[in-house]
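If you scroll down you'll find the structure; I have some questions about it.
For reference, chains read A, B, C and D in written order, and residue numbers begin at 1 within each chain.
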């Protein structure tokens, strides 16, 4: 399984902070993003992290990974 | 009279921190500078202030003024 | 050092304490510090409160990485980054960046770069409460340059 | 505020106290501070002591002018400049510049500009004591940009 996390505004829009999905061969971050954020309601850009490191959409994911989606950061 | 002050390295090189000189018609800072610092022993540049404000050499001086000479500043 | 705090912070106490324990203090000629404070306005609106959300498993790691990048890139003696999370009030310090170096150029540049990197590389999000009780996510950062 | 002090100063206490009494604190979103500290080396030599000479009738006036120029040029909420004079020891703070503004860009730029202006517009001179007991006037400033 892959743990998918949603943070900040996305957590509110998705309505929960994480869920698990099944890993598939050749799966990338973009595949997961498509699954959750294809609706127009989601403002772009949406950023992502794999196992707590920023990454880009083309990054491959596999069983046991933790993927997080979030809006551009606004700390500081 | 004009009070002439020497600061920092110039005070040491002149050997005193101030002296008085007579004011003359048409006198400028450059005239006083020439009087004290024509010797090669004095490293240039030498900066100046008139009545506690930075000024340039062409500034006119008159009776009662306070003129100060000093090396480039190195505070901070 | 990196600190993520859900309680109020005292920037000057943190900076003073951290500086006091620096090794090789005699080689430090410059300290440049930045403190971000909660304003009562943003993008033209009155703001009465703010919550800073983090990605807990990632925030500290990202701040550690940022701190090491500053020390490396600007040859600092040391750096301190402290960030608030949770509920903040007007005038509360949000972030503290402290940079110590031999000469002022490096400290100034590192401190400013720290804030830009923090605003792109660290998973933190601000949610503001406005005067009418409504809330909104801050969508973009004020330009730093 | 401007302070010229012939006694040791505590930069963090000075900054904390000054910030606490700022008017309209809720409009302050950024504070950028610089502290210059006495290093144990300069231009490749070991330094054991330093004396800062001033032009007493002029120093404070020049610092006041500098402070007002910063507030004007960078639209600061406020600024604090503190400078030591007299005999300093290794690790002693020499100068403190505090800049408070609505957004970080102004505070950063004002703080850095303050140090450059201070190093050209304020009548202060450093005299170093080297390890062998000899003294020398500092002839030039380290580049700030």
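For the reader, a short list of remarks on this structure follows.
Heads up, the rule we're going with is that contacts are C-beta pairs under 8 Å (C-beta built on N, C-alpha and C of every residue); 3 or more make two chains touch, one makes a residue touch a chain.
It should be emphasised that the depicted structure is a prediction, and the values quoted were computed from it without experimental measurement.
Where touching is counted per the definition, the chains common to chain A and chain D are C. Shared contact partners of chain B and chain C are D. Spacing of chain C relative to chain D, judged by their CA centroids, is 23 angstrom.
Per-chain CA centroids place chain A at a distance of 71 Å from chain B. Those residues of chain D in touch with two or more other chains are numbered 36, 115. Residues of chain A in contact with two or more other chains: none. Per the contact rule defined earlier, chains pair up in contact as A-C, B-D, C-D. Taken together, the chain C residues at the contact with chain D in this complex read 10-13, 15-16, 19, 25-41, 90-91, 102-105, 107-108, 111-112, 115, 142-145. Across the complex, chain D is touched by residues 5, 7-9, 43, 49, 52-54, 66, 68, 70-76 of chain B. Against chain A, the residues of chain C that register as touching in their complex are 36, 52-55, 57-58, 61-62, 83, 94-95, 115, 118-127, 137-141.
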